[in-house]
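The same chain A turns up in both complexes below, where it pairs with chain B and then with chain C.
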Partner chain A sequence: MEYGKDYGKPEMMAAAIIREIREGDVVFHGLASSTPMVAMKAAKALGKEFTYVTLSDGLDHDWSNPPTVASTLTANTYEGSVATFGLDEIFDLYASGKGDIAFLSCLQMDKSGRIAMSYLGGDYDHPKLRGPGGAGSATLTPVTPRTTIWKTVHDKRTFVEHVDFATTAPDINKDFTLITPLCIFRKPAGEKYLKLDCIFPYTTVEEVKENTGWIIDEKEAPVMDPPTEQELAALKRVDPHNILAFEFK
Partner chain B sequence: MREKLMSLAQAADLIKDGMLLGIGGNGMHRNPVLFSLALTRKPLKELKVCGAAPGIGADILLATFQADTAYFGFFGLENEAGLAPGMRKAMEGPEPKARAMEGS
Partner chain C sequence: MWGSDLVAQRPEFFQVVKSPFDDTEVVCVKALVPDYAIVHVQEADIYGNCRILGPSYQDALLARAARKTIVTTERIVGTYRMQEEPKLTAIPHMLVEAVVELPGGARPGICYPEYQTVTWDDHKAYQKAVKAGEVPQFAAKMLEGRL
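Then we have the complex of A and B:
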């Protein structure tokens, strides 16, 4: 597979998200999450066996429903569900330790995985930029075994040396993963800081370092395989309107 | 049982200054936008709005400075329209007109 011809950053990120999901997992994403939504539908199309819960109250909806807008609140993630399973029940499920992955995002993050979602600049009551809030991440991150953050930009404005006000932060005893358009960082359980885990085929460790606000100690990193023919076919099948591209515009 | 079905104007008349309103819908979807617009004709003050993921319906009340507090987990218009402009207008800067009470 050739970058720029057969696939681009959206498809690479989606493939990386698909590969995070293990057989038997319970997986959640919330609203404003079009990238993981398309990836999770594609993972279902590929035959992965996992449980998919989301904010529409649908449990394992019919993954062949195509999204038509870059919202994860519309009927396509509810119709054909095997059961109605509301947000309150999702939070209870995760709080009782039965969730596996929550796909979440951020405005900013630092090397220890502290996430800003509330505001940037100023203080809480006088913010320079008021953000949307944690959207459940402050509840889910500490109780989720493999919290996974996706962010469709990779730059020094987003990945900063220090987050002033952390809306949430990882539990030191749990795995924590960050997927960007360039690479994957991981904080293994028991460790405090994110480490560069692998880079994508079209970038270099140097480019990752140049676009990251914290110091990356790793001098080299393995290169993740590009999306497979099967993964690309699954993405096209579940997303005929190319909603996956929306967050990368 | 008390009759709940009424006109939009009658429903808007139920709302008084300082009330806490649960605004339905999330983001850009399923919001009672006409109801929020009806309130802007009054106008009211010191309303509180709450919801798991309030969006355009609550944003109208913040944009018009009728609401001074929002209780929420996520307040925004998703990827489709981005950050909520009324919320930002009311909450940002040195002298904000409204306060965010996040429960997330």
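Then we have the complex of A and C:
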């Protein structure tokens, strides 16, 4: 295995997302989700067999369609699809236990994986910031076997000690994963709190602790392998306009 | 919806009840019944039968949920188009109150495959109009010479 040298946080996060996907999975990503969109296209380019569903209605679209903007609703996630399968159908599919992963994001999260998507600051009727709400996350998180949250910043404003209003929260009996630019946290099925699972090659457990608002008990964590040359080549192939960088600007 | 603070926050929409089939507790979500759904499609006939020739999102659901549905369409087509391929009729006529022929009606958004990119200048003008409470003036400008 040859590891790439020319990579940064976007490529490392994308590689981590690619590695979450297992053969045979049914995988969903939400709106405005350029990071998992590019990673999932690259996973297809690497030959991984899985079912790709998303809000554009497209099911297993032609992954070689390059995205030109960070929106995940444009023609590139629709053209070349083998079927149309809308969000209402995706919700039903996941509710009946036939989904595997939902790649979702958050405004804030705490150690038990409670996610703020509705608002931040103030109260429900008079928020400082009104978020997109709970359409996808509140519906999918409780019923998805491996909900995976991706967030392209890692700081104490995002990962807080306590989320005041949880738009959704993980099911205690299901796996739950958080991928950040620095590391991966996991809450295994049956457990209540996120644990530091691994860190990325360019950081340290200390740096992760300094930028996380909850107390991390782990004193050390394994370092995830850097993106391979094959993974980097797949990312370049499916994303010639570098839309992957958009969320990291 | 389990685990969501929304359930307690909005009891008018969410209630926890015992399943009639076993003793498990389930979250019930109240059906939304909008007064109007306004849906833009690529093709409609004069009776309101609609063909959505790209992603349909939840437009057909909206049309079924709303008391009345108004359709705007890129073009009016003959009913024979629906008769040739009935499966492509996403919204049937009895759900539709009115049909408006309005090419470009989804701008500054997108309508696949007719126009596939957002018109950003108009979109920014729309956001500005919303903030300023001047949406009617914005709409009048967008529709100038087109009706």
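A few comments on the model shown:
The working rule: the second predicted complex is superposed on the first by the 243 of 249 C-alpha atoms of A that agree within 3 Å, B and C clash if a C-alpha of one lies under 4 Å from a C-alpha of the other, contacts with A are read in each partner's own complex, and residues count from 1 in each chain.
In this section, a contact is a pair of C-beta atoms (placed from the backbone, for glycine too) under 8 Å apart; a residue touches a chain by one contact, two chains touch by 3 or more.
Worth saying up front: this structure is predicted, and the values here are computed from it rather than measured.
Upon superposition of the two complexes on chain A, a steric clash is found between chain B and chain C. In the superposition on chain A, A:Leu87 contacts both chain B and chain C. By the touch criterion stated above, A:Leu55 is placed in contact with chain B and with chain C alike. Once chain A of one complex is fitted onto chain A of the other, the partner contacts of A:Thr180 are absent, as it touches neither chain B nor chain C.
In the superposition on chain A, contact of A:Gln108 is made with neither chain B nor chain C.
By the touch criterion defined above, A:Phe246 lies against chain B but remains apart from chain C after alignment on the C-alpha atoms of chain A. In the superposed model, A:Thr147 makes contact with neither chain B nor chain C. When the two structures are aligned on the shared chain, A:Phe165 is found in touch with chain C, with no touch to chain B.
Look at A:Thr74: by the touch rule set out above, it reaches both chain B and chain C. In the superposition on chain A, contact is made by A:Ser118 with both chain B and chain C. Overlay on chain A, chain C versus chain B, candidates 25-33, 61-69 or 133-141: the clashing stretch is 133-141. Overlap of the chain B and chain C contact sets on chain A: residues 55, 69, 71, 73-74, 87, 118, 124, 134, 138-139, 167-168. Against chain A, in their complex, chain B makes its touches with residues 26-30, 52-53, 72-76, 78-80, 83-84, 87-88, 91-94, 96, 99-100, 102, 104.
Residues 55-58, 69, 71, 73-75, 78, 84, 86-88, 114, 118, 124, 134, 138-139, 141-142, 165-171 of chain A are the ones touching chain C in the complex.
On chain A, the positions that touch chain B within their shared complex are 30-32, 34, 55, 69-74, 87, 117-118, 122, 124-139, 167-168, 246-247.
Those residues of chain C whose C-beta lies close enough to touch chain A in the complex are 1-6, 9, 54-58, 61, 110, 112-113, 116-118.
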